[in-house]
Amino acid sequence: MSNKPKEEFYDIAIKESSDLIEEIKEHPFNVELINNTLDYEKFKIYLQQDFLYLVDCTRALLIIAAKVDDIEIMGSLVNVARGTFAVRKQYTEYFETCDLSDNHKKSKSCSAFTDFFMRAAYHNSVAEALAASYPCFNIYQIIINHMVGEVMPKKVEDHRYQGWIDIYNNTVMNATINQVTDVANNLYAKAGDCERKKMREFFKRGLELEIMFWDEMYSLA
Amino acid sequence: MSNKPKEEFYDIAIKESSDLIEEIKEHPFNVELINNTLDYEKFKIYLQQDFLYLVDCTRALLIIAAKVDDIEIMGSLVNVARGTFAVRKQYTEYFETCDLSDNHKKSKSCSAFTDFFMRAAYHNSVAEALAASYPCFNIYQIIINHMVGEVMPKKVEDHRYQGWIDIYNNTVMNATINQVTDVANNLYAKAGDCERKKMREFFKRGLELEIMFWDEMYSLA
Amino acid sequence: MSNKPKEEFYDIAIKESSDLIEEIKEHPFNVELINNTLDYEKFKIYLQQDFLYLVDCTRALLIIAAKVDDIEIMGSLVNVARGTFAVRKQYTEYFETCDLSDNHKKSKSCSAFTDFFMRAAYHNSVAEALAASYPCFNIYQIIINHMVGEVMPKKVEDHRYQGWIDIYNNTVMNATINQVTDVANNLYAKAGDCERKKMREFFKRGLELEIMFWDEMYSLA
Amino acid sequence: MSNKPKEEFYDIAIKESSDLIEEIKEHPFNVELINNTLDYEKFKIYLQQDFLYLVDCTRALLIIAAKVDDIEIMGSLVNVARGTFAVRKQYTEYFETCDLSDNHKKSKSCSAFTDFFMRAAYHNSVAEALAASYPCFNIYQIIINHMVGEVMPKKVEDHRYQGWIDIYNNTVMNATINQVTDVANNLYAKAGDCERKKMREFFKRGLELEIMFWDEMYSLA
């Protein structure tokens, strides 16, 4: 990505949040997940909450897609929304033993995160709203790339979380996330100064809320 | 459908609007379209406006899908929204000579219709909003079934509108529309009296606006 | 207003729609209303529909006020919304013989107009949404000033519509409308090119819909 | 209120959350505030955050007012929204030494609470959305009544927080809050079972978020 001009949203956002991203890479939840040492009870709670979170993430994308003027972007976001919703199905296939359903109560951090980007989807501009949801996509790509490439160079035998890793570590998912990145870059390029500032703030706030989410998941069970 | 209990939304709505539906079946725009006698200039204007209308219909469905509580229904409506959006592509493939783009100005009746169901999507309950959009789906199914089954029993040779008919007269489209009908029936069954009344009013109002749309399309060019 | 710089929204919008504004000034509904020759049945239907329209106009302002970032503007718009809603009360006081209630059905043109600016309030940016609602305020000020100043230089004796004229022809109402103008000018000054273009389009579209409203009111009864 | 039938929303909600309400009454922030022993730095941070919170509370009420069908309720909620917004002005008058402005960053708990009821305002039904905002009104009335009536029977000399207490402890504020209670009771009475359940859940969740707000305010500075 180093050849891209400096003003791309992706590059600016990542750079401004480099400390948060390091924190996420080194978060015990993520490190232990990739090392296959994560307590399975913690994982189950995480997966259950992520299940609920994916529904709201889909909702936010649908609202943003409904509002955006540009028809091409609208089409892209509808596809991304569909893909996001479909991950729930993959969860249920890979982890039949987990108690996945839509009737569970959201945890504090899950509520805080989803309320944040749902409010943005309804209340803010399309560009700002997408920036609020963007960490949901972007950070998984970063973590998975980091984990698979550096932390886990050799495939762990009988990795109990391999199914989860495979959901995110594949070309279709990568292409989907790149689509969101392209849309975010595109909207940032056309945004005015105030809107750009808010996009960057919302991205950072989203990352902070994701860290709180992992903190909570790690502390429960 | 005669075996269904009387309280299904579909049956009630069709019955209450039987006069409007007759008017639509006999509308010169539709009759001439199916007879292959419709002026091609009128058709081109219609197709251009319908192109714009499909975008807003997709938007309305996305908002409704984002708001609905029931996850199954949410999934259905995302699929329907995607299918609706895809019809635009089919239009451009079948009718390359038509000037189809998103930059045209909406006609009066196209604006009135789309503003109506867009307002409902944002402002009203999920059930009411779907009822406002429902004529968009339902009436094509009725017209096409009527036209293909009764008006046009023998295939017209070199029918210039065959491409348009084929878009709507196929099993995938039928299944999609049946999905919307199922959702509408489901929501009606769970709705209170006020909400039911409004659903029926919105359906009727949608049909009236569709008739105004055909009136205008027929009068232009 | 001639001292204002050319780029004020008010001046540009009025100039671009000068033909529509002339049409409105000369509209038989308005001319006969001011001359005290308007059929009272027509007036009653107008007042009933305007009653319904004022509720939606209030709704649109509330949504815009809820969305605007600037706290000063938010405060102004809440006041304007309250003033708009209060006009309904004045209608009931001045015209007790009219059948004013919220249960009447909206006419075609009333629906088209209110659906237009309600959609904009939910779907578009704050600046665009305000431009869509702006004709509601702006045009009464123009007509009343024109009518009272030029058409009706001498007070007509026993003018049956004097109560209606007095609602709009006073310093409080003028100050309220000037507040909306200030907000519209302010938002236009900060808007980008696309948003400015849409503001002007929405203002024009609003005026066209108002003319259709008077046309319909004049033709009914 | 003991004469009211059991099914009033107010009574049910208070009863179901009696443990939370006790916790709020005994919260050190509130106890020390009323005893005039609260650290002034804590109070200043609280007031600053409450200032930001009042803006969002106003926004939520405006959206709910815009959506509600019943015109009387709409009028009531517009008045309540205006009153809520006006409290900010009183804050600045009573506490000139506090750094009150809209440019401060929201704290974690302030964001979590405001995002919660803003999401509800846009996303949920009118009744559910009002239930989410209702703790904002209801709890101050309870605390102030409790504090002034029981905890602080004798007026403390030179109470540095008297200005704050006076804002909430007066007949106008009481009447406003009673108006919200009446609307909430009214909407609950008309709601179906699912909607009633959600209203009660949202009220409870709002109280929990308020407790987190006081916790945070007490821990800061």
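Which chain is which? They are A, B, C and D, in the order written, and residues in each are numbered from 1.
Basically, contacts are C-beta pairs under 8 Å (C-beta built on N, C-alpha and C of every residue); 3 or more make two chains touch, one makes a residue touch a chain.
Everything numeric in this text was worked out from a predicted model, so none of it was measured.
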item	value
Furthest chain, CA centroid comparison against chain B	D
Same or different residue numbers at the chain B/chain C copy interface, by half rule	same
Whole-Å separation of chain centres (CA-atom averages), chain B against chain C	33
Separation of mean Cα positions, chain D and chain B [Å, integer]	45
Residues of chain B whose C-beta touches two or more other chains	59, 67, 123
Chain B residues within the chain A interface of the complex	55, 58-60, 62-63, 65-67, 71, 74-75, 78-79, 81-82, 85, 102, 121
Footprint of chain B on chain C - complex, ascending	59, 108, 111-112, 115-116, 118-119, 122-123, 205
Footprint of chain B on chain D - complex, ascending	67, 123, 125, 192
